[in-house]
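This report refers to the structure that appears directly beneath it.
In this document, chain identifiers A, B, C and D correspond to the written order of the chains, with residue numbering beginning at 1 in each.
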Amino acid sequence: MHFASDNAAGIAAPILNALTRANEGFAFGYGNDDVTERLNRRFAEVFEREVAVFLVPSGTAANALALAHLAPPWGAVICHEGCHLATDECGASEFFGGGLKLVGLKGPGGKVTASAVEARLSHGSWGGPHHVVPAVLSVTQPTEAGTIYGLDELRELAGIAQRRGLAVHMDGARLANALARMNITPAEATWRSGVDVLSLGATKGGALAAEAVIFFDPSRAAGMSERRKRGGHLVSKHRFLAAQFEAFLTDDLWLSLAAHANTMADILSARLRAAGLRIVWPVEANEVFVVVSHRLDRRLRAAGACYYVWSTQSQPDDYTLGEDELLARLVTSFATSESEIKRFAAIASAQESSTVWGGTLSLPKVSSDAG
Amino acid sequence: MHFASDNAAGIAAPILNALTRANEGFAFGYGNDDVTERLNRRFAEVFEREVAVFLVPSGTAANALALAHLAPPWGAVICHEGCHLATDECGASEFFGGGLKLVGLKGPGGKVTASAVEARLSHGSWGGPHHVVPAVLSVTQPTEAGTIYGLDELRELAGIAQRRGLAVHMDGARLANALARMNITPAEATWRSGVDVLSLGATKGGALAAEAVIFFDPSRAAGMSERRKRGGHLVSKHRFLAAQFEAFLTDDLWLSLAAHANTMADILSARLRAAGLRIVWPVEANEVFVVVSHRLDRRLRAAGACYYVWSTQSQPDDYTLGEDELLARLVTSFATSESEIKRFAAIASAQESSTVWGGTLSLPKVSSDAG
Amino acid sequence: MHFASDNAAGIAAPILNALTRANEGFAFGYGNDDVTERLNRRFAEVFEREVAVFLVPSGTAANALALAHLAPPWGAVICHEGCHLATDECGASEFFGGGLKLVGLKGPGGKVTASAVEARLSHGSWGGPHHVVPAVLSVTQPTEAGTIYGLDELRELAGIAQRRGLAVHMDGARLANALARMNITPAEATWRSGVDVLSLGATKGGALAAEAVIFFDPSRAAGMSERRKRGGHLVSKHRFLAAQFEAFLTDDLWLSLAAHANTMADILSARLRAAGLRIVWPVEANEVFVVVSHRLDRRLRAAGACYYVWSTQSQPDDYTLGEDELLARLVTSFATSESEIKRFAAIASAQESSTVWGGTLSLPKVSSDAG
Amino acid sequence: MHFASDNAAGIAAPILNALTRANEGFAFGYGNDDVTERLNRRFAEVFEREVAVFLVPSGTAANALALAHLAPPWGAVICHEGCHLATDECGASEFFGGGLKLVGLKGPGGKVTASAVEARLSHGSWGGPHHVVPAVLSVTQPTEAGTIYGLDELRELAGIAQRRGLAVHMDGARLANALARMNITPAEATWRSGVDVLSLGATKGGALAAEAVIFFDPSRAAGMSERRKRGGHLVSKHRFLAAQFEAFLTDDLWLSLAAHANTMADILSARLRAAGLRIVWPVEANEVFVVVSHRLDRRLRAAGACYYVWSTQSQPDDYTLGEDELLARLVTSFATSESEIKRFAAIASAQESSTVWGGTLSLPKVSSDAG
């Protein structure tokens, strides 16, 4: 019952096998190897266009290098106030970006809205030279709240950015979960919807440690190679990063692993709702945010369940936590089994049937599943 | 009728004269001169304790160097969302601080409140190592809204910071205006109220270009000398910066110049209110924020008045701008004359008596003068 | 015949197996797992003292994070002008260190000498605040020239550093090769000889991607956790980095793999010398620098040999390259086989016996093997 | 007898007067004033082309901002190993440049030579992405050794840079001294000789604190305004920086003040040579480097003379300091009087006539005056 994060899972078998296969013989380091070359071609096929790809060992590196490349040090990156790169990366983007500024917007369900972006860009002071200059709009897909931007939403946001000269960055640490849910092509999900640069994650999806920064306009990547190197993110035995991604993309592995994680989240949320628990935010990818009482929390943990209490600044607007409650984040992964979920839900059910809710009990205010 | 900023004024005569006096003969550069030595002693007297002082040519430099010295690159600086260093210094603190993060809080009248600071520090995620670590509380005195923190407010804020291990920084670009208004000593206004490091301005108060970073615990300043130098902020003919400050502090010049500016703001706000205009935020220092109609705005500018439309994100909560209105910031200085004010107010009065307010007319919602 | 680098080798079998073992079940990310905990204890045993260890995915990251932690932005790092972090890491240390300065010294065989360090620190201008302040002495063990500092040399250098308040950093990307050759304990090779912080490599020695920054005084590591995170170097599925190191350190695997690489270098250099080629710099670890004619170079490459032409600024003083010659670097690894070496040397022998050296032929000037 | 630096002089009278004149009335801050507008036009006349000018309060700021703008963080700046920005600015360029690398070359008389630049760029490793990328050639005119690049030298250097895609930066903190000596136009001395960006100093020449970064191709300056602001180098009462420069450039004041300083250096060096002292490096601008015995040093200081002992790494190649000697740097300025020089030289003469040189006495090895 390990729902702390999808990075609590190990390595998916096909990816681990790929490491063994890539271990044959010698290969030049730093990406000058056959696996990397094959992977680059594969990425072009997957995204249906020429791309410039830079593999790195962490999602934080991918985001920070991408933003530092897109924004000048006096640039502003517009993003959701609760997104991973604004809250969970210890200022990596500010560091790599020479002191650039993240401008976090509020928005329901972890999403920035077109109206909020438009308003923020229209009002307030920018440039001139007293103020930083808006340079990038960064969206997280799926969001930190486990929701998914629809294509319409994405395109509207990208349109605003484009009209004002901002680049569009997508943090796709879990992009596969969105693709699996939306049933659209990688191209539609990204550059065809206006995304300029993508941080594409494989680690949470089943790799050991492999993320990619993908420029849909390769000419924009000039200097990125040096930026990655001096960031310490050019892994010497690069073939092993490439091998992970190659396996990830082969036979739609990334999509099937993600689909499994999504399904587990669906089942988990359905069972918890059935147990009378309140789910906040729609469950659209592989994350379930659920209100649990302290008493249930203790029982779950006593039974070995692992998960984090969600305590960021970015909370759902339309729910109220009782004094006796907390908001738990449950993340499923390719490795989550239905039996774990049943066990977890059973504890929740037992708990709920033996207790009477206090004054803050209410019907779930936000609970629709995606799709 | 130049109310754009107090930096639109020139150099106060005693300070200009001091430059001429300091121009006698030769002197070692970089602060190894008699004027600087005298000034350092003078600062110790003024603040009633040993201090470490670093003169720099701009307020942005003072703030950014101070914060970079107090916070590690992974540190967070808690401040008001509308304060100068967060909005008007083009990311200087982020740059000097190696990518530190400014965490802007909302608060009425440009002030951070104890409860907001307490709440922000208590909730959300800090350190660990995914999140930045709160390192500094920065307050602006007077604030960007022209209001003044009372000593009680300051001490409460400083107490919170101290208990949580944060340093307290004060941006005192206009500190003299607060001192003149509050009638307290520099020591009371700063370290006796919990301030660790002060950015003290002289430029807006009547100097050519002279600001100081003052450490009330000199041991905390180790390395600051190198930090200033590599920031390009160690002026070679340093005696001329010192001379400006020496004159500024002699015979309470700084206080009398500031008192004049404050008085001018009082008169200006009184006359504008009398003319039926709405003043937002209490006028406690040398800034008046007033709602004017576009028509009046045009007449004032046609008559030669200079001022800025206030358009930051940090707006008064409890006022409503009509479609036909804007919020003007009027700043008075040591050089402002009462005749200018009368002329300005006369235009406002004429305008108002010849027009009828539209639907959004209401009694001023925020209008109490300080003291 | 792949002698381009030891990073051209793959993953040693026991390390690859360890990845599979570590793949059982779920584990918290970011180092909060059992493998990491075990590894930390193991490091304390290996180094015979409490240590603070930070795993990262690249040697560049290890060096840059270590130096940034030991030196202020206005600090100078004294090192050999040709060392890896000064020449091959694209300015990573300068970037992570906020613009710190690497001061490269000349020295034979890739080593800084006590006299050169002493002279550089004694003369010239430091601090004050116009000049940067010497903060770290960084030595590479083995050096980029494939030589090894003796313990006497190390201790003398560390003594100079200590007396002047500099920290001592060791870039030990190939430290195992030095340990294997010197037959001393890790403790003797490092902190007992005055090293404060070690970049310890496993990647070149047989891992996939695993390096460690080791603080021998854990109190000095405060903040390092945040520094690593914001550098993007905290790998989420951290157990897999820990597992690599655990296998590396188990049953002296690191030493036996390194000993093999060293032996291969010995054999290679002996055979090349026997073939009449000039070896520059003593072969003390797993690198052989040899002068080859362009004609031989072409034959070797035609036969499939891989190696780099050594063209850095840091060349041997006492050798002369003929117009028709180049300096080749040959690196052996745990994966190098004696048959490859024989094949390579056979080509060299055939070549040399069929040609007459031009005017620059001379007896090898530097050719003694180590120990 | 203050020869410590030309920044030991005060403010030239016409410049001080200009401050007073500029003090009339109010003016918008940050360069939106009439004086600045006039100055910009004046600069275009002086340099015979459209230029983009950024005034800053220190030479360190000018250099660091210029280099940071011309080089990416992974760029290398080729310069003389002893130039001011490499040795006396505490790493400012590395800081502002996000960790860029200064590559210092040796060269006689403080000059980089075409052959050294060519060699450094041709050999060694650059880019790729393991190494930094040569981005700027920076020359100091006059040099730190008080010598002057001839136009032929400049053009040859600039040609090399251009052919390899490097920008050419000139540190002209004392450019007026070179212009006065060479009797050429500012345009010839700079962009017509291949200089792309100039740091032009007024402070050492007689201003209070005023330096300029001048882009000869204004399109290259995009973003520089923000860079200056966030560096804390946009002085709010900007008219007073502009006024200094305006006076400096009016009626060739800069040239006549510099010519005086140069003449004083000529007289000083002639008298010292006549007294039997060895002058090292040609005296081509306003600096005299002279070997003095410790005994003479004591007598001079006892008589009130001020100067620095020259102790950088960058020493003349072809001179030998006796144990009893030191190398003194004497800098003259617009404020130096001939009587001071006579007094100084008289002490030197008296000393020398009453003593017998020790074993290291030799005829001056480097002693030709310029022009």
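The definition used in the following text is that a contact is a pair of C-beta atoms (placed from the backbone, for glycine too) under 8 Å apart; a residue touches a chain by one contact, two chains touch by 3 or more.
What you are looking at is a predicted structure, and each value in this text was computed from that prediction instead of being measured.
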By the contact definition above, name the pair with the higher C-beta contact count: A-C or A-B.
-> A-C
Would you kindly say which chain has the C-alpha centre located farthest from the C-alpha centre of chain C?
-> B
Averaged-CA centre spacing for the pair chain C and chain B, given as whole angstrom | 52
Would you mind pulling out the distance in Å between where the CA atoms of chain A average out and where those of chain C do?
-> 36
Centroid distance [mean C-alpha coordinates] between chain B and chain A, Å = 41
Two or more other chains in contact with one residue: find those residues in chain C.
-> 73-74, 89-91, 95-96, 98-99, 129-130, 132, 226, 229-230, 234
So, in the complex, the side of chain A touching chain C is made of residues 2, 4-5, 7-11, 16, 19-20, 22-29, 56-62, 64-65, 89-92, 95-96, 203-204, 208-209, 226, 229-237, 240-241, 306, 335
Chain B contacts chain C in the complex at 30, 72-74, 98-99, 127, 129-130, 132-133, 223, 225-230, 234
Quick one: which bits of chain D touch chain C in the complex? Just the residue numbers, please.
-> 73-74, 87-91, 93-102, 120, 123-125, 129-132, 311-313
